[in-house]
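By letter and in written order, the chains are A, B, C and D; residue numbering begins at 1 in each of them.
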Amino acid sequence: MSFPIGRVILGPVELVLRKVFDWSRHYSLWPAHFVTGCCSPEFMQTAGPRYDMERFGVLPLASVRQSDVLMVVGLVTKKMAKRIKLLYDQMPEPKYVMAIGACPISKGPFRESYSIVSLDEVVPVDVYVPGCPPRPEAILHGVMLLQRLVLEGR
Amino acid sequence: MVVSEAKEIMRISWGPQHPMSGQFRFILETDGENVYEIIPDFGFTHRGIEKILEYRTFVQGIVPFERLAMVDAANVGLAYVRAIEDAAGIEVPKRAQYIRTILCEISRINSHLYAIGLAAEAAGGYPAIFLWTTADRELFLDLAEMLTGARWSYAFFIPGGVRADIPEGFKERALKVLSYFEKRLIAYRDSWLENEIWLTRSRGVGRLSAEDAIKLGAAGPSLRGSGVELDMRKEEKYEAYEELNFKVAVQKEGDCQARFMVRFLEMIESTKIIRQALENLPPGPFKKPVPPKLPKGEGFARVETARGEMDVHVILDGSDKPYRVKVCAPSFRNLYVISKLPKLTKILVADVPVVIWSFDPWYLDADR
Amino acid sequence: MLIDERCIVMAELPIPIPIPLPEWVVEFIALNWETLLKIIIIPGLAFILLFELVAVWFERKFLADAMLRIGPLYCGRVAGWLQLIADALKLTVKELFAPKGAHKVLFYAVPVFAPTIPALAVVLIPFGPDWILFRAGGAGLLLFFALTSLIPVLTILAGWASNNKYTIIGALRSAYLYIAAEMPLFIAAAGVVILAGTFDLVEIVELQSKMWFAIPQFIGFITFFIAMLGASERVPFDIPVAEQELVLGWRTEYTGIAFGLLMTVEYACLLAWSLLFITLYLGGYQGPPILGPGTASGIFWMLVKLGIVVAIAIFLRVVFPRYRIDQALRLGWRYLIPLALLNIFLTLAMKPYMLALLK
Amino acid sequence: MSEEEVIKAISENFGELVVESKVLRPKKVSITVKPEGLVSIATFLRDSLGFDHPLGAGAIDYPAENKIQMVYYIWSMNRRMLIMLRADTPRDNPRLPTLSSVWDQMNLHEREAWEMFGIVFEGHPRLEHLLLPEDWEEGVYPLRKDYKLPER
């Protein structure tokens, strides 16, 4: 079996590059404008002056094509679940999902409703932010958790 | 897909994932610029709250009910609580009525700031005003948090009164916030309501005449923007609104600018109401004990939420859970008026966000 | 490309090159190191990319400040200065894909060619008396306009190739807006050409040594600035990329580095037009010689004026909402073009007095 | 008082069609009507009595009395009065004439009542799902009393 010269020479280079790109990815997580529930005013507050999301490089953009994080803010109904699946597939590859609010995690105050699903049944979720509505500090904590996740190179 | 070959009308989906559509989907039939048809697609945030309420006792039911319009949780919660009190014939002590009025007006200012901020964003990426209103909302959220402990969903009103009394120090802080806010309102008026480009974008756009507004069933500021004076606080005289003097904001033109001017004037009125309510706050108990099982009966409450008049019809059957709760949501009617608007006036694709946000629909309120 | 007549012997090379290069490379560099410097550094590639990073960073910080926010902060410890580098690196790593029905070749051709056009336009701008990359034989202004009028062609191609209803509307709007903005630009620039009597940008700047053209050509100055905002799609005319109505206009379907390149197009357009605006009306590289007589102070003054003009363009984004497409077109056709024509008549009528003023 | 005038006016013109009418609260009148007279009374209310501002409509399910009651809430702008127009239909085969011709907003309310209670509205232009997802199985009406919620 020939000696993996490529691995030996390029190994450290690839490691450095991975570190640099992970650093750059964790500082520019662009969510898409997508609020699906009653926590949306709290999401606006997090983007507001007091709890400014943009300090962490989180810049909400208009379309899903350019976004890295699918921040599902609020409840997910069966009808909305189809659209979320569609959106998740349209996102470019290194993508993450953040469930903000008690409803996407466990259907929240409407747990026995006939038309609500939890987000895990629709898309794989990376970070859960509980709270109904979660305080802006909780959402920012979720963003920091996601940044640590990205740094580990998930 | 092309609807009709003759005018090359194509059907654009103003989908749930769109910066200005919130949790809703409009289907626009347009030929690129003129909009011929706006078809609302309900049901994206339908939680079946009326069914859930039948499985929750009265006090438990307040939490999901407030999720109808979280931005304006106090007024919405008040509608449900007043309906139960109306059905069971419960009298609320005077002090509780004043405290309820204060929190309702704080929540109204909150909701109107949200509407004005998003309208500035809809008019054309005007981020400064959107963020200024978000900054001012933080002040009112702190006030609500000091009074009730929660920023948005207060669950502060219960049948028979209020959960807790006003903490001391609340009055001074509220007066400080209100005086600062009145200066900010002047800043909004100069920099935005009289902004030349905003006027070209909103003056005469989405005009709704008074008869159409009544016939189609518009609600709240959308109705008062067309010159129809109907405000539940004056009609029903509930809570402390009877003793407080305030004017009903009405505008004649009925276009987007008029609707926002109504919301703007209502914010000024709300600050006056809070000041008066804080001045002559009566002493006495703030809560009356209410038995869990309420007698059989039927109650109907009409509350002026920030988006319009919400009517709740509650039927009790003697158990501790309501038999049936029927909610007539203002945003449901406003969305219907939006869908009928292209037939009344000419709307361009670029106008659609401004027109939609001038009615300030709250889609969770419409989907229940 | 005019190679400099002065042939520099290798010995007098200003920068000693330690790297063991082959013979002919050293010879090539020795011969025209100055042109290489122009291509790579000042009006060339590095300048445009650096301007792009600094302008976007400044815009995000300035907007955040106007909105009582802080803006990017933690990515670079000081004031988030590394934020744009992080965004650019992240974009290069993103997955690239085209929508199902898209025309693959065209879809990927546009992001590759689009940034080159405004970059080419920047080449014609003089940064010093002899610090100009391509003098275009005395017709710099004409070539500039020829190049910048190619941009709407590419926008329509991109909009059509992305096979999405929104992008088609966005691309068509961008074309309408460009035509409505280009006409006043030509006519206003014509006023300057009549006054200066030549199309060569260097001579136009030389004429402004005593007094800038902004004062005699004041109406043209105002029209050019407003039309420039329209041409480079800055607020209040950023209708083709109206986030609220058309998601991202003709750029909606692009992901990863393609989207990054198309963002450079927007800022390179702004750079090109503001540089032309400076050379025509604000006296180009003219200014009190601070860093010595030659090109150094010229470059310094160009950068200072560029900073001011771009800051004003960014400030407008905070203050103004956006015009509707028909209002923008009406503004263009009904107000800007008559104003520009009035400016030409004035210059024709008062040319001798203006020239006396300039001497 | 204007409430009595309204009740008197209605009982004169449609004596036998009116099952029951009472004044719930000051300025709130409730009238229960037979389904056949619904459209004629509604047009009478809108044209002559001035009830022109529709607020909403909903249904209530009474499995005990085997009936579903549809309630229309209409506000009169110049009388400053609210009327609750009610109509009962049997629970097993609920059928009602549509009122979308009288107040066009009822179009949406009736679609919601159809999908939640199963009331079929004759003459309704487009009886489709409004709030429930398109693939909701036929014949299941969530707001009826016999539809138990999954978890409970």
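Here, a contact is a pair of C-beta atoms (placed from the backbone, for glycine too) under 8 Å apart; a residue touches a chain by one contact, two chains touch by 3 or more.
To keep track of the chains, here are their UniProt names: B = NADH-quinone oxidoreductase subunit NuoD; C = NADH-quinone oxidoreductase subunit NuoH; D = NADH-quinone oxidoreductase subunit C.
Keep in mind it's a predicted model, so treat the numbers as computed, not measured.
With steps allowed only between chains in touch, the distance from chain A over to chain D comes to 1.
Among the remaining chains, those touching chain A as well as chain C are B.
A centroid comparison over C-alpha atoms places D as the chain most distant from chain C. Averaged Cα coordinates give chain C a centre that lies 65 Å from the centre of chain D. Per-chain Cα centroids separate chain B from chain C by 46 Å.
Chain B and chain D have CA centres that are 25 Å apart.
Distance from the chain A centre to the chain B centre is 30 Å, each centre being the mean of its Cα atoms. Counting partner chains per residue, chain B shows two or more touched chains at residues 18-19, 43, 46, 48, 51-52, 55, 131, 135. Contact with two or more other chains is made by residues 48-49, 62, 77, 79, 112-115 of chain A.
In chain D, the positions touching at least two other chains are 131-133, 142, 147, 149, 152. Chain pairs that touch, as defined above: A-B, A-C, A-D, B-C, B-D.
Chain B contributes residues 15-19, 22-23, 43-49, 51-52, 55, 63-64, 67, 70-71, 114, 117, 131, 134-135, 137-138, 141, 151-153, 364 to its touches with chain A in the complex. Considering their complex, residues 131-134, 142, 147, 149-152 of chain D touch chain A.
Every residue of chain A that touches chain C in the complex is listed here, in rising order: 20-21, 23-25, 27-28, 48-49, 52, 54-57, 59, 61-63, 65-66, 68, 92-94.
Contact residues of chain A toward chain B in the complex are 32-42, 44-45, 47-50, 62, 64, 74-75, 77, 79-80, 83, 87, 109-110, 112-116, 132-133, 135.
Looking at the complex, you find that chain A touches chain D at residues 77-79, 111-115.
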